[in-house]
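Multiple structures follow.
Heads up, the next two complexes both have chain A, just with different partners, chain B and then chain C.
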Partner chain A sequence: MHILVLLKMVPDVVEDLEIASGGTALDLDCQRMILSESDDHALEQALLLKERHGAKLTVLAVDAAEVDDALFTAAAKGADRVMKIVGSDAGLTTRQAARVLSQTIAEEPGLMPVDLILTGVQAIDDLDGLIAPLVADELHMPYLGIITGIALDVSSDTARAIKEYPSGVRGEFQIQLPAVLGIQAAEKPPRYVPVAKIRAAMKTVKIECAQVLTLADGGWPAVNVLEMKQNEPAGHAEMLEGAPAQVSARLCEILAGRGLF
Partner chain B sequence: MTGNVCVFAEQWRGQISEATYETLALGREVADKLGAPLTAILTGCNSRNLVRSLGVADSVVYVDHPLLAEILPQTCAAALVQLFLNTRPLALLVPLTNISLGIGTLVGARLGVPVINFCKDIQVAGGRLEARCVMYGGKIEATVGATGDPAVLGIWPGARPAEKGHIERAVPVTDAAVVLEDAEAIRLSKYIEPEAGDVDLTKQDVLVAVGRGIQDRGNLGLAEELAKALGGAVCGSRPVIDQGWLPLSRQIGKSGLTVRPKLYVALGISGAPEHVEGMKGADLIVAVNSDPHAPIFNVAHYGIVGDVLDTLPVLTSMVEARRAHVT
Partner chain C sequence: MSACPVTLETLPRYPEGTEILTCLQCGVCAGTCPYGEVMDYPPRRMIAMMRAGMLEKVFTSDSLLACVACYACMAKCPRGIRLTEILLPLMKEQTLAHLPELPGELQKALQNTLRYGNPMGEPSRKRAAWVKSAGVPIRIFAEDRKPADVLWFVECYTSYYPRGQDNSRATARLFHALEIDFAILGNEEKCAGECGRLTWEPGLFETLMDYNMAVFQKYQFNRVVTSCPHAHNAFKNRYPVLGFNWGLEHVTPFLAKYLARLKPLLTRKLPYTVTYHDSCCLGRQNEFYQAPRQLLAAIPGVKSIEMVHNRVNAICCGGGGGGMWLDTYFKAKGYERLSERRVREAVATGADVLAVSCPYEVSRFEDALKVLGYDKRMMVRDVTELLAEAMEE
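Right after this comes the complex of A and B.
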């Protein structure tokens, strides 16, 4: 059983986001990059499956700021092999990244055969598509997204996956392997790994580098971002200002005025 | 369909989704501005009875196939691509929901045209489409030129009121045939209904919702005290549920419940579109967030910029004092 997890770095939206001077993209040099949240869950789900089935776990990412930290953290958590794809320009679109990942999976020694490819269902910057279905199509594998649980049946090369639907309904699917699944949430919260263990991984684990194999233009016209700006609150909310006691008193008046007491 | 604006109508468990009606309302506006017909595309198996509810469109293309009984992204994309082989619409709008997520991506990739996700609005400028996209958890808005043959646009729920896109009437229907491969790669085994929670959140007048800003499970008690003082219940956004701090039955948003209480207090919730989808219909929304740019303030009626842990105890004690005074 070989499980491959695809990771993506995204800007940390807890911090202020800076627009580049051209006004059509984020200034990635100014942003703190973190692992995409749903990718973190994809990694956790893979680790749970590895623990249950003794699978080999490979983690692959396109090179980006802070990606080494994410890969060393993955190794510290239990990934057997960590690899990054180097040689592409920063700021690949999602479709370009999917092409680069797919080509690497198909061509790089030791990545195939793979039984299961997991990645986050959607990243906050997936403007021109989603990684999981794109990679699935490129590799001619079945795809299902918004997954919150997986059970493997190694003897029949199938997986039982739980997909979320609206209103708390879930669907249980039988999926023939190999397959690509877009993870919404792992069965358990992503595990904590002590910094000391990550530092140890930095000393003992080697991040393998794969070169981008071809240009990533993909043969399709790129999306044309005309303008990017901070999404300022549109004046919808009336802001209550002051110390907690002041704003709380004002809010109580508002709620009382609306008959909510 | 050449020259038309098309909307993918998602049907799930025998019903057209709210997000479909919202997308149809937006599609209607776009089509009217372009002077183009609006076509709804419905896929399913024995679902033809649903076309009548797509009456905001000028016409419906219905594709019936056993493999389309459930919406599986690759199968639906294969059907749509076949429809577009000879007749290319100007635009295809696909709701960005748990039901249809991935379909637009696959259609765009297979047709070799761009895809634009995260659209909350589409404008027509000089005869060309411009999408307004909400990215990065709602903190950035991008204007994106929508080109393509067709332009494939993923539409956030809430782009327009659903009632504007829900008209029951007879419309011309074209039955289209497609050839789909039954690879038996993905099969729905069963639906799992949500476990009944201890509280029916959809019937609560007051909800106190917590997000990542609550910081720690141990702080949930502060929210519970406010909820108790207000006579309501505690619920949460996705990160809080994923951390296991609240059960799934308390989740509000895309994968959870849609609620319309009289009062919704959002504590430390950024306001990502996935959460807003589930609570935007509340009569009164109050948001507390330390980030003055948090998109939750776009949907809230009253906002407080501050640390929820500072605000909560003071607010709770004042609410309790008022309650005591009133009673």
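Right after this comes the complex of A and C.
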């Protein structure tokens, strides 16, 4: 059993976002990057499957700022092999990233054969959740997304996956392996790994580097960003103070003034 | 570089280990532990398990999550066994490694501290944002590298938490009034990491220690003054292995040394009855009992009254050793919040101000007062806030 997890670094929105001088993209030179949250869940789900089935776990990411930290952390958590794809400029489109990842998976020694490819179902810069289905399409594998649980049946090369639907509805699917699954949430929250283990991984684990093969978009039209702007505060909260009767009277006045009564 | 080469396996070979084995099994440690009654393995029993070679049973229980690193067991031990400094951190590290799942708030705080340098997950690049509201100029070393007498290590809650910033603004005003030549690290500063060390995470602590020491080496100063007793603890007891050899003070005892110059500046009468809470790190760990009380006594109009448990007997606020981020876990377990236990005692004195010297305590005690419905009867103020309030504008 070989499980491959695809990780992606996204802008860390805790820190201020800076717009580059062209006004159409984030300034990635000064932007802090962080592992996409749902990719962290994909890694956790893979670690749980590894613990249950003794699978070999490989983690693959496109090079980005702070990606080494994410890969060393993955190794400290239990990944057997960590690899990054180098040679592309920062800011690949989702289509380009899918092409780069799938070509690397197909060409790089030891990545194929793979039984299961897990990645986050979406990211803050891929809200459509395209990366996983595009990779599946490139590799001619089935895809299922919004997954919150996986049970493997190694003897029949199948997996049963729980898919979430609106209103709390859940569907259970059987899927033939190999397959690509987009993870919404792992069965458990992503685990904590002691920093000492990460520091040890930094000394003992080698991050393998694969060269990017092509950046072609595959003929798909690219999205053109016309303008990027910071949010501008449009108003401020009014804090109502005083005795309860005064506050409620003022509240009624505001609501009536807005035509809500 | 490892700050503490001792491990649980090698501990018996060190003097600290043989000292632990001299335990009388008197049980004073368990009796004085604020959560002793809820622990499967309070300190006395833990030592007995160590002697019996059964330590694994201790760290595969979640018992040690309830240790708030308050130094009470250490302060009361008739053999002088330094439990809080040696055995408890080593045991906690193993507990972390064996817990199937870390309580979510604690995990987030540790991850935030590693990534952003503060447990709240606030932007590292806004650590010095409070400076704009200080009301007095504050020099940031990265912007003006000339040597300073004092490096003021502000720390996390005093940089980000709004009520903690009140403490920082007060400290800045006091430093200016006393004409202290000081500078801060601004956005270059990260948590000193003491709670990493005493919580669960020596790796996190070492990462922060390496980082902060590298930043210290960039600038010239004579002494470090910090607003946080936990940072003081880390600098005093752990950082010296990496060459920390500057003078060191916590703000409260530092200001007490300037009392003669400070007193004439305290001209505004404050009509408060104040009860002072001894922080565990300043009190039991460093025996700074008099300095805060001297400062409070110097404020015109202030009357002081002691709680039943004071000085070495003070009840912990519950924030140390990771307790700051375990309130939800403790509540789920049905434990009483120590901050609530403490404010009940504070309110019983009849005081209207609970004075503190640790940035953790402001949020903990203000929350506890609200939870218990005492927030109209008592307010929480750092000693520096009271001093600044007593200075005329």
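To be clear about the criterion, the second predicted complex is superposed on the first by the 224 of 261 C-alpha atoms of A that agree within 3 Å, B and C clash if a C-alpha of one lies under 4 Å from a C-alpha of the other, contacts with A are read in each partner's own complex, and residues count from 1 in each chain.
Here is the rule we go by: a residue touches a chain if its C-beta (ideal position, glycine included) is under 8 Å from a C-beta of that chain, and two chains touch if they have at least 3 such contacts.
Predicted model, so just to flag it, every value in this text is computed and none were measured.
Participant: Quick one: is A:Cys209 in contact with chain B, with chain C, with both, or with neither? Answer first, second, both or neither.
Facilitator: In the superposition, A:Cys209 contacts neither chain B nor chain C.
Participant: Just chain B (first), just chain C (second), both, or neither: which does A:Glu232 touch?
Facilitator: first
Participant: Just checking: does A:Ile34 make contact with chain B only, chain C only, both, or neither of them? Give me first, second, both or neither.
Facilitator: So A:Ile34 only meets chain C here.
Participant: Which chain, chain B or chain C, is in touch with more residues of chain A?
Facilitator: Touching more residues of chain A than the other partner does is B.
Participant: A:Val86 contacts which: chain B (first), chain C (second), both, neither?
Facilitator: neither
Participant: Between chain B and chain C, whom does A:Met112 touch in the aligned arrangement: first, second, both, or neither?
Facilitator: neither
Participant: Using the touch definition from the top, say if A:Arg199 reaches chain B (first), chain C (second), both or neither.
Facilitator: Once the two structures are laid over each other on A, A:Arg199 reaches chain C alone.
Participant: Touching A:Pro189 in the superposition: chain B (first), chain C (second), both, neither?
Facilitator: Once the two structures are laid over each other on A, A:Pro189 reaches both partners.
Participant: Pick out the shared contact residues on chain A: the ones touching chain B in one complex and chain C in the other.
Facilitator: Of chain A, residues 14, 16, 188-189 contact chain B in one complex and chain C in the other.
Participant: Over in the complex, which chain B residues touch chain A? Could you list them?
Facilitator: Chain B residues touching chain A: 12, 17, 70, 72-74, 97-99, 101-102, 104-106, 108-110, 112-118, 130, 133-145, 147-148, 183-194, 205-206, 230, 238-239, 241-244, 248-249, 251, 254-258, 262-263, 270, 284, 286-287, 291-295, 297-306, 310-311, 314-315, 318-319, 322-323, 326.
Participant: Would you tell me which residues of chain A are touching chain C in their complex?
Facilitator: Those in contact with chain C are residues 14-16, 34, 188-189, 191-192, 194-199.
Participant: What residues on chain C touch chain A, complex-wise?
Facilitator: 93, 96-97, 101-102, 104, 107, 110-111, 114-116, 121-126, 196, 200-204, 206-207
Participant: Spell out the part of chain A that touches chain B in their complex, as residue ranges.
Facilitator: Contacts found on chain A: 10-11, 13-14, 16-17, 19, 24, 26, 37, 41, 95, 121-122, 124-130, 132-134, 136-137, 142-146, 160, 162-176, 179, 182, 184-185, 188-189, 219-234, 236-241, 244-245, 247-249, 251-252, 254-256, 258, 260-261.
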